[in-house]
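You will see two complexes here that share chain A, one where it goes with chain B and one where it goes with chain C.
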Partner chain A sequence: MDTETMAAETRAKRPIRWHVGVFLAPAVLVYTAIMILPLFGTLQLSLFRNIEQSQVFVGFSNFRTLFGDPNWSVNFWNALRNNVWFFIIHMLVQNPIGILLAALLSSPKLRFTAFYRTAIFVPTILSFVIVGFAWKLILSPIWGVAPHLMDFVGLKSFFTPWLGKEQYALTALSLVSVWQFVGIPMMLIYAALLSIPDEVIEAAECDGVTGMAQFWKIKLPLILPSIGIISILTFVGNFNAFDLIYTAQGALAGPNYSTDILGTFLYRAFFGFQLQVGDPNMGAAIATIMFLIILAGVCVYLFLVQTRLRRYQF
Partner chain B sequence: MSTATHSLPRTIGAHAILITYTAIALFPVILVVMNSFKSRAGIFGAPLTPPTPKTFDLIGYTTVFGQGDFFHYFQNSLVVTVASLFFVLLFGAMASFALSEYRFRGNTLMGLYLALGIMIPIRLGTVAILQLMVASGLVNTLTALILVYTAQGLPLAIFILSEFMKQVSNDLKNAGRIDGLSEYTIFFRLVLPLVRPAMATVAVFTMIPIWNDLWFPLILAPSEETKTVTLGAQLFLGQFVTNWNAILAALSLAILPVLILYVIFSRQLIRGITSGAVK
Partner chain C sequence: MKTKLLTALLLGTSILGTGILGTTGMALAEDVTLNIESWRGDDLTIWKDKLIPAFEAKNPGIKVVFAPSAPTEYDAALGAKLAAGSAGDLITCRPFDKSLELFKKGNLADISSLPGMDNFSPVAKAAWQTDDGKSSFCVPMASVIHGFIYNKDAFDKLGLKVPTTNEEFYAVLDKIKADGTYIPMAMGTKDLWEAATMGYQNIGPNYWKGEEGRAALIKGEQKLTDPQWVEPYKELAKWKPYLGDGFEAQTYPDSQNLFTLGRAAIYPAGSWEIGLFNTQAQFKMGAFPPPVQKAGDTCYISDHTDIGMGLNAASKHPEEAKKFLSWVASPDFATIYANALPGFFSLNSTPVKMEDPLAQEFVSWRGKCKSTIRSTYQILSRGTPNLENETWVESANVINGTDTPEAAAKKLQDGLDSWYKPAK
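Up next, the complex of A and B:
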């Protein structure tokens, strides 16, 4: 790291400040070696192909295969489409529920809020393995808990084995994921609502703005930066998701690939599954696409959303 | 305060919604734990009732303890989590101290560089990480996992800790300097104890994803020796698909330690998340 020499230049009268380097070195080294270099290594690998035991530079040929070759492209576009749907469900269900719960929790003088907060956050700390399997059991027609419960509200006739049907499986799993992570938007919005100064609320009340109107006109605009943050967190999390689908439906993301998302597709391409042989270069190409998607999302957030909303500083 | 904001019907409505959602959040957990103490007939005959003397049965637990090497997996998870946590906190605190305390050229740039990892998931580099671990002979070792999780946890840790490091009084540090303390002593003796609450928050944030991760154990350390409890549970559940007693018992065993830790640390965690508000 050049920090010592740089520091020496700025304050020539001082000796080289070795301690700055010593403080920074371990973190920067581990971070660079295990995270940044492999990330670029992966991007680079996507431009190569293993031909006769050696890596040969092939330009964008892997990407052409991914987008054009029917052996790959059908699965790729399917995974991408599913991933977008996965994200849309999260944005439409998880975040509004999170905001609603946070708004209720932050209402003044409400009792037991600590209990509610703690309880609603429980699913978020559980591992995907637990969540995936527990829901698989609950939704299973063999056990019959779900139809039994639906019978209470007279909806038993609507029950089908959702995880086993192509048209419902992805939506069902998205909702399970929403169930698991709703605690995060709830907490972040709750924090934002608590940080609104009392004077603002009191001023609104003096002007007769209370209840729902107060929420829509005063509080919601003030928590927009937090909504921006949870949106980008959801975006990054969703386009990087893997564990829940893998635990609930396996690497093949059944039934008939209907729950396949980019994470599971990457896993299959990289490691191979059943008859398909693993291909690190194609895996790297898929990881590169995921990287570009996430990067695009983060850039949109940083340059379009965040600059307009201000407050959040890097 | 106007009375309109907390009139009775509104309060009841708020409680009703919150109770409903709490029930939705807790129902699967309670259901799994409850049924793990039942016989097979009890599980299928009356899934929604708590175990009665007639249906009470520990067969699931005996199967799990007889089959899987859960204690060993648990140990692996513990080693990986504690070691990664230690390095994340130590390296993270050191780096954030350097970034917030000293002015040097490239400071902001270094901060941005380290913050990159908050948004870009480390998982995307998996292909090259695996090659790196194969080349250095670290595949199927806990060291590989510890290294990866340390790198994964650092960006957020540095980001959060920098905020808190800035709040430590300058007078205190300068007083230390006048007394002739070295920069290292100032950091370890004066600053670290003062940011301990922030460290606890970072610890909780870092710990949960590490403990629950399935991806890296599956790819970097899938051997019997190095399996973590999350991976072990996943494979175990795959093998015993039809043995419901064993599955429910294994799930309960996986839930309980996390749940106990959570109940102990939940105040810390929630205060950590909401601390942005109090700041």
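Up next, the complex of A and C:
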């Protein structure tokens, strides 16, 4: 028999691999039902408008209202600006601190690493409601521990009701969110640092690269892909954020909308608030824009950043 | 990704909807069971122990079940249940547009001719009528009155008299501040609505002359930038020095606690606080209406219609449900309700005898002052930007000092002008 007929026979004998489909089905079905269908439902909803109690197709008119009508656009740009600031704080504070903590934790000389690791990670698994409420109390000018603690070290004069001041509220809440989520970059970087083989480190030591130089020249380049992943996770998380602002400042994101981010803006539009009647169509339009912003961010990362990151195989 | 929040919320409501659907379907064959939809979970025991037994005793064969949901979920859950046809027979009505929308959709039945509806004044019924006032769709149940609650012990200790005019009001505040034992006024701006509801809507009616100003605003004859609408903001701006330290981050529960713990002397209030304050405060309390500008001026109070009850148009037992609504419109109901919930005052034209002294004080103002409702509630909060929500934000801004009264009023009027065209 020549090789060609052999190949044809094995091809014919190979049974259809049903199990692949069966094993994929639950994930595909669940994901489609609760993620993909609602996503397309939202996109569709944003192209309709409720006129005389019935849904009428209006094309992109909701988007024209969102960007063209100052009553909507001012709020939208304000929310987007705040959201960008929220993201910047996370990138500048949360991720460097996460990397620093991971570097400290991976140091072989440090004792009780398991304890520190757990303690820093715990806030991440707390509910937003608890975090929002706890920090509201901590920072409360009336019952809070913050003014007392600051009094203790003679810094009382620096205390202001941060959550109630327009110029500080958003930054304060961003930092609360950083406090809550700093455990995630820490864990990811920590895992990346542990996966660096000892041979590489030893080789570096033989070449006389130690201490800080070793971190900057050897470890940091090796964990860059993880830092990239963390940045994109932070980006997606921040532009989807809603819970913390809602629990700490309410749906109107006071004072004077200074903590309003896209999530709270969407909530008010979609579900309404107090006397404001919800408008699901405008809400869906905002949700669509949020989706596009996140999609654009992820694409920039995937096509421009990730392809240029060098990966090292050991 | 982006739909995560949305999906979760939608799923949440639908699960809630089906959960309640499961429990409401069990009507007994002989007795007719009426279900009441409500957001007043706090009132569950009052309905179960007092109101429903009183009705059932007089109407054998009708069973009533009070089935409340959480206030923040009520509107969404009710909408879903009405759409699915699983909502209760009787619907507790929010005032104005939320209920009007339900009526327009055909979810609420027209009950203009219900026996007992003539027990209510036109102002009381206005919250649940079409704009032309021709059809009513909910029986008015209760209103809340704004004013100031004060710590009587503190006033006695400092030798203060209850202020009646603006001048006296600030004199009292100055004295409390100079003494230093008490925070003069317990109010914060963190939650925004305190500033608008307990601030602007509380003292405002004295300036815009209650119903007269409110009606003129709706007709477009007055503007929010007119002196009578800016003046209350100027007063609010003067409140700042009398509020506690860090009032910018003081929440509504903080204010309540500051007052009931006896640390603050005056609390800009709504009468709904009475029940809670009675159980928490260890000192004697009194109340005074918003002070007038000059002695002898007519006083106006905000007597805001807050809660009503309507008939689900799809109810299977409309006759029995109407019987219940007629009873809700009767003085019998009013007496039980107003006494069980001091601070929620009956809108019934027949005066109701109340036991609670603080509630009596509040309701006595109806006799000497003219009543109005909150200026932003009827018609004016239908568009975007929403006037009520903007009033919250701007009132807080004025007290925080980040906006001048004039600038705040201008922003509100500009927002209103952008969508509201008064009928000429």
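Simple rule for what comes next: the second predicted complex is superposed on the first by the 287 of 314 C-alpha atoms of A that agree within 3 Å, B and C clash if a C-alpha of one lies under 4 Å from a C-alpha of the other, contacts with A are read in each partner's own complex, and residues count from 1 in each chain.
To be clear about the criterion, a residue touches a chain if its C-beta (ideal position, glycine included) is under 8 Å from a C-beta of that chain, and two chains touch if they have at least 3 such contacts.
Everything numeric in this text was worked out from a predicted model, so none of it was measured.
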Touching partner for A:Phe303 - first (chain B), second (chain C), both, neither: neither
Partner chain in contact with A:Phe291 - chain B first, chain C second, else both or neither: both
Which superposed partner A:Phe60 touches (first chain B, second chain C, both, neither): neither
Partner chain(s) touched by A:Thr210 [first = chain B, second = chain C, both, neither]: first
Touching partner for A:Asn71 - first (chain B), second (chain C), both, neither: second
First (chain B), second (chain C), both or neither touched by A:Arg17: first
Which partner, chain B or chain C, touches more chain A residues: B
Touching partner for A:Gly254 - first (chain B), second (chain C), both, neither: second
Partner chain in contact with A:Glu166 - chain B first, chain C second, else both or neither: second
First, second, both or neither for A:Trp143, with chain B first and chain C second: both
Touching both chain B and chain C, residues of chain A: 34-35, 38-39, 42, 143, 236, 240, 242, 263, 266, 270-271, 287, 290-291, 294
Chain A residues touching chain C - in the complex, by the definition given at the top: 34-35, 38-39, 42, 53, 70-72, 136, 139-143, 147, 160-166, 236, 239-240, 242, 249-250, 252, 254-257, 263, 266, 270-277, 279, 287, 290-291, 294
Parts of chain B lying in touch with chain A, wherever the complex brings them together: 1-2, 4-6, 10-11, 14-15, 17-18, 21-22, 24-26, 28-29, 31-32, 43-44, 47-48, 87, 90-92, 94-95, 97-99, 102-106, 110-112, 114-117, 119-132, 147-148, 150-152, 154-155, 158, 182-184, 187, 208, 211-215, 219, 230, 233-234, 237, 244, 247-248, 251, 254-255, 258-259, 262-263, 266, 269-270, 273-279
Touch list for chain C against partner chain A, complex: 1-7, 9-11, 75-76, 96-98, 101, 104-105, 188-193, 244-251, 254, 258, 376-377, 381-382, 384-389, 392-393, 396-397, 400, 402-403, 415, 418-419
Sites on chain A touched by chain B in the complex: 2-3, 6-7, 9-10, 17, 19-20, 22-24, 26-28, 30-31, 33-42, 45, 97, 100-101, 104-105, 107-110, 112, 114-123, 125-131, 133-135, 137-138, 143-145, 148-149, 179, 182-183, 187-188, 190-192, 194-195, 205, 210-211, 214, 232, 236, 240, 242-243, 246-247, 263, 266, 270-271, 280, 283-284, 287, 290-291, 294-295, 298, 314
